[in-house]
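Before we start, here is the structure in question, set down as C-alpha cells.
Labels for the chains are A, B, C and D, by order of writing; each one numbers its residues from 1.
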Amino acid sequence: MFKDIFRKKKYVTIQSAPMQKLGPSDASPKEPTTSKKELPDGLWAKCPKCGEVLFNKNLEENARVCTKCEHHFRISARGRLALLADENSFEEWDAELVSLDPLEFPGYQGKLMEAMEKSGTTEAVLTGQALLDGIPVVLVFNEADFMMGSMGSVVGEKITRAIEKAIDLRLPVVIFSTSGGARMQEGILSLYQMAKTSAALGRLAENHLLYISVLTDPTFGGVTASYASLGDIAIAEPNALIGFTGPRVIKQTMRQELPAGAQTAEFNQEHGLIDLIVGRAQMRSVLARLLRYHQEGAQYGATV
Amino acid sequence: MVQLFDFEKPIEQLVQKISELQKFSADKEIDLSQEVAVLEKKVAFLKKEIYGNLEPWQKAQIARHPERPNFYDYIPFLFEDFIELKGDRLFADDRSIAGGIALFHGIPVTVIAQVKGKGTKENIKRNFGMPHPEGYHKAIRLMDQAEKFGRPILTFIDTPGAACDLAAEERGQGEAIARCLQAMSGYSVPVISTIIGEGGSGGALALGVGNAVLMLENSFYSVIAPESCASILWKDTTKAKEAAAALKFTAQDLQRLGVADEIVREPLGGAHKDLRQTADELSQVISKYLVRLRSEKPEVLKEKRYQKLRAIGVYQENSKKTLGISEKDLTK
Amino acid sequence: MFKDIFRKKKYVTIQSAPMQKLGPSDASPKEPTTSKKELPDGLWAKCPKCGEVLFNKNLEENARVCTKCEHHFRISARGRLALLADENSFEEWDAELVSLDPLEFPGYQGKLMEAMEKSGTTEAVLTGQALLDGIPVVLVFNEADFMMGSMGSVVGEKITRAIEKAIDLRLPVVIFSTSGGARMQEGILSLYQMAKTSAALGRLAENHLLYISVLTDPTFGGVTASYASLGDIAIAEPNALIGFTGPRVIKQTMRQELPAGAQTAEFNQEHGLIDLIVGRAQMRSVLARLLRYHQEGAQYGATV
Amino acid sequence: MVQLFDFEKPIEQLVQKISELQKFSADKEIDLSQEVAVLEKKVAFLKKEIYGNLEPWQKAQIARHPERPNFYDYIPFLFEDFIELKGDRLFADDRSIAGGIALFHGIPVTVIAQVKGKGTKENIKRNFGMPHPEGYHKAIRLMDQAEKFGRPILTFIDTPGAACDLAAEERGQGEAIARCLQAMSGYSVPVISTIIGEGGSGGALALGVGNAVLMLENSFYSVIAPESCASILWKDTTKAKEAAAALKFTAQDLQRLGVADEIVREPLGGAHKDLRQTADELSQVISKYLVRLRSEKPEVLKEKRYQKLRAIGVYQENSKKTLGISEKDLTK
C-alpha cells in the first residue's frame, strides 16, 4: 500500500533555484494567521492580513510574502531551501526514513498517506547540507504540509542525525521550525523525540558549534519545548505565532482569552525569547552574516 | 472515605456483604465462618481479576486518584533526611515542583519532584501540579548543583502537564522545558526518573531524561492527555477511554516501547491502598538502579543516557523492505 | 592616633563558648527592624516586634532571639561564631588587616575609630577556620557594629583571602552577611571589592567547593550584589531585611512605597531568591547537615 | 541648541562678542580683524583654561549631558556591522542594555552596552539607562556565548545605576548583578570595559570586570551618586559638588587608584562637541588593547583579569608600621 508512494518519489539531491515553485504550502492556510481560502486553487491567493488578491505567480516570485502588506504566507520546506542555499549546493540526508505505525494508532496510516500526497514529501522534515552564501551549513526545515510539521520518530531521528553529522563535519546548524508539536499518533515515542533532539543539540553546544533556530508560523508544543527553543540565536519571521500551548487550548482549559498579539513573534521578543525578527527577504543575508562571524578562524579562539 | 471507582464496586459490595454476614453471625450467634471464608476467597479472586486486568483508562483513573500518594507522602519512607531548597533565583518559587537534598540509603542525592496538592486549597497553591517556567528553572538550578557536587539525581514525575496559561507563555514555557531536557541529557551523575502518578506530556518529560526510567504500576506517561486526544481525534472528550487505549501509555506499554526500564509494583487497587508497601517497593527498585549506576564512570553515565534516548523511536529506513507493521519492527 | 587601638586589642584565636556574651550588637538597634531603645543600656532590651521587655542576660542565653515572639535581634560576629563553631576550634585569619583612608575622605578616619570602639573589632568582617559539628569549614561573619558591616578594601580583601584559603585547603565556605553595602568612603575601591569577592567565589565554584550564604538582617546594596547572592545554597534568618536598594531610597528616588513585608526573607523566598529560612536556634544543625552531605566522599564523584 | 553649563558661559559670551563684532564690522565696513583675532586667541585660551581644569562635579555634568553620545551614536563609527540580539530568554528584553555581535576592525566581537535614551520618550523606554535584572541576564547570556565561540567582549558603561524599584527587588537585582560579576571574572576571552558616560555604582560595575578598563576623559565611575553621597554625609543634596570631589571618581582618579587602565581623550568641552573625533579616539584605544589581549592565551587572560581585580584595594597589613596615609600607601 505504501509501496507506490515510495516508488513514485525518488528523493535524490535536488537543485535549488530561487525561482522554483515555493508552494503549495499555503494553498490551504490554517487559522489563525490565515482565513479559509475562497479562491480557486492555483491561480490566485487572497492575503489573510490585508485582503489583497494576489496572483500566485507573483506571490511565489516574492518568496510568498504579500506584495502589499508583507504578510508572510507559509512556505514549503523546499521553497525555503531554494531561497537560502547556493545553487546546486544542497545534499539531502536520510530521505529514505519513513514512518511506521508502532502503536497501531487509529487512522495514522491513512493520515501518513494523505500527508505524503499533500506535501509531496515523505516526512515532516527535510535535512541536509548546503552552502549559504558560500558558507557550509547543515540545514533543517520542517514541512507544514506534512501533518502540520508534527514530530514523530522520523522527524526526531532525522534532526538528530543531522545534528550529529554537523558535529562530525564541524558545521553550524540552522533549523527552520514550523510545527504543531509532538505527533500524538506515535505516543510516548514522539514525546521522547523532544529529549533526543535536545540531547543532540547539547552535544553540538559542547562542541562549540553554532545553532541558529528560526521559528516560523506556527511553532508550538513539543517543538517549541525542544529544538526550536535551544538556539544560540533565535530568529523569528514577522508575526509568526510561537508558543507552547495553542490559544484554543488555553481558552478551553484555563478559560483565559489571550490578549491581542499574544504569541506573535513580536510578543515573544518583548518577553525576551527571540533575538531577532527577520523578514523572509532579509533572511539569507542575516544568516550569512551570523554564520560568517561564527566561522572558525573568525574568532579569538582560533587565532592563538 | 477513599473514593471508589465503578470498576472497584463489585469488590466493595462483596466486602460489605462479608461484614454484614459477620455482624449477623455475631448478633445471632450462628457460625457462618465457612460462608465467610468462601466469600473472602471470592474477594481475593475478584481483586486479582479486576486489579490484575485494569484497562489503560482505569489505570489513568488510579494514577489520578485524589488520594494517590504524592511526593511529600513518600518522603518519610524513602529518605533518612530531606532538606527542601526553594526558588529559581530569577522570579519565584514554584510550588508545583519541589527540590532539595535528601539522604537515600545513606547517600546524599538531589531530588526533584512534581507535586499535586491534596484538596482544593493545596491544589491551587501547587497549581494542580502544573509547573510554570520558574519550576523548571528551579529544577535546572538544583540539578546543576547535583552535577557540580557529584550527587546522583532522583526525579519524581506527577503532573497533568506543564502550566498552560498566559503567564507560562510570557515567561517562555517552551524554552524552560527544552533547557531542562538539554541539561538533564548532559549530566555525568546518575539520573533516575520515576513516574509516580500522572506523566503528562512535555511537562512530565522535562524531568524524565534519566539513565533509568521507572514507572509505578498504575502510573501512565503520555504525549497527550486522553481527553485532549479524544477531543482532537473524535471531537468527543467522552471517548477518553478509547484514546487511553490508543495512546499506549501504561507502564507495560512503555517498557515494551523502550522507554521504561522497570515497573514498580503497587498493592492491589493502587498505591493509595498501602503507602508504606508502595514506598518500600519504590525504595528497593530505585536503590537497585542507583547501586548499578554509581558503579559506572561519569562519562559512561552520560554516554549511556544519550544512547538510551538515541534508541527511542520506531521507523523504517530501507524502503525496499516491506512495510509490514508488526511487533518485530519495534526492535528496529 | 590609631596605634592605641591596636595595642589595646590583641586579636589572637579566641575560644568560642556557647554561653559567652553575644552582644553588644543590638544595644542600639537600627531601624527598620527595631525601634529606638528606650531602656537603659545593659540590663534590659525591649523587643521591637512584640514589645516584650527582656533581660539582656536571658536574651543572650537565647542567642538573642526574643523568648516571647522569636524576633531575631542583631548579633555580633563573635556572637554568631560562638553559636556555631565547636569549642576551641576557631582559628582567626588576617586580623591584622586594617583600613586606611586612600581617598582622604571627609570624616572617614574618625568613623573608623568610632567603629572600632563601638564594635571592639578592627574591621567589619571576621574570617577564619573552624569545626562545625566536627566538620572543617571556613567561616566569615560581617560585623554590623562596624559601620553597618559596610565593605571597603579590608572587608573585600579578608573575604577574598578566606575564599582563596578555602580553595587551598579544599574546604567549604559559609558567609554570614550583615551589611549596608559598599563603603562609600573608599569610593571605587569599595565598589571593586564586589567584583573581587565575586571572582574569588567563582574560583571556589570552579573547584567544586560548597558555598553557603547566610543572609541576615540587614543585607543590602553592594553586598547583596556580590558575595551574599552567590551561594550554592542561600539561607536567610526569619524576617531579615534583604534587598539591593533600601526602602528609603526607593521611596525617595522612585516615589514608590514598598508594600508591607517587601524585602523580608519571606518575600525574597517567595520570589525565588532564598532556598531556606532558618531560625538561629536551628542554624547550626541545618548547616551541619548541609555541610555533611557535601563532604567529599559523601558524593558520587569521590566513589569512582 | 546644545545645552550649556554655567562654567562654559564665559566662552560662549566671548564667542558671541566676536560674532557681534564681525557683524558690526561687515555692516559698517570697518576693519576689526585685529580685534577679532585677539578675541579668538582669548577664546582658545579660555577653552583650554576652563575645559582643561574641570572640577569633578563639572565632569559629572558633562558625563550626564543630555546630548552626550550614547552607545547607539557610536555604532556607525566603531563597527563595520552590528547585529543586535535581544532578550534574556527568561522574562523580557531590557532596553537599557543593548547587546549583539559586531565587527570591530574586522574582528567579530560581542558587545554589551548600557543605553540612556535621548529625550523623555526614549528615556522612559530605556528606563533612563537603569537596567533591571533581565538586562543583566541578557548580558550574561550573550557574554556566555562570546566565551563559547571564543569572541572578545566589549562592554560600554553608561548608567546612573541599576534600577531601584519594587520590580527590580522582586526579580533579584542583587543576584543578577552578582552573577554578572562572577560570569565576567571567569571568561577566557579578552574583555574590554569602557565607561563612556556615567558609571553609576553596582549597576555600572556589573559590566566593568574587564581585562582592561578604559574611561572617556569626562566620564566618571563612582560607588555612589554624588547627590546621594551628599545627602548621607551632610543631609544636603546641594552639596553634590563637594561629594563629587570627595569620591575621587574621575578618570584621572581611577587611573591613580589602579582601576582605569587608560583615559580616552575627548574634544575640548566633551564628547558631544565632536562625536566623530571621540569615536575615532575610542576606536583606536580599544583596538590597541584588543590587539594586545588577543595575543594572550585564554588561561592567561582569565588569570590576569583575576589578578587585576585581586590588586584593587588599599589597606594596612602590618600593624607595626606607622599609619601615615599618603600617596605612597597607594602602592600597597
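The working rule: a residue touches a chain if its C-beta (ideal position, glycine included) is under 8 Å from a C-beta of that chain, and two chains touch if they have at least 3 such contacts.
This one's a predicted model, so the numbers in the text were calculated from it and none came from an experiment.
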{"item": "Selected interface, A-B versus B-C, where C-beta contact pairs are more numerous", "value": "A-B"}
{"item": "Approximate Å spacing (C-alpha centroids) for the pair chain A, chain D", "value": "44"}
{"item": "Distance from the mean Cα position of chain D to that of chain C, given in whole angstrom", "value": "33"}
{"item": "Contacts with two or more other chains, residues of chain D listed in rising order", "value": "89-91, 171-172, 175"}
{"item": "Overlap residues in chain C, where contacts from two or more other chains coincide", "value": "205, 271-273"}
{"item": "Chain contact graph, described as a line, ring, star, complete graph or other shape", "value": "other"}
{"item": "Chain C-touching residues of chain D, taken from the complex the two chains share", "value": "162, 164-166, 168-175, 177-179, 181-182, 184-186, 201-202, 205-206, 208-209, 221-224, 228-229, 232-233, 246-249, 253-254, 257, 259, 305-306, 309-310, 312-319, 323, 325, 329-330"}
{"item": "Chain B-facing residues of chain A, complex", "value": "1-3, 6, 96-107, 109, 153-154, 156-157, 160, 182-184, 186-196, 198-199, 201-203, 205-206, 221-222, 224-230, 243-245, 249-250, 253-254, 256, 258-259, 262-263, 271-273"}
{"item": "Chain D residues within the chain A interface of the complex", "value": "81, 83-94, 101, 103, 107-108, 134, 138, 145, 148-152, 189-190, 294-298"}
{"item": "Chain C residues within the chain B interface of the complex", "value": "205, 208, 210, 232-234, 269-276, 286, 289-290, 293-294, 298-304"}
{"item": "Complex contacts: residues of chain B adjacent to chain D", "value": "89-91, 133, 137, 171-172, 175"}
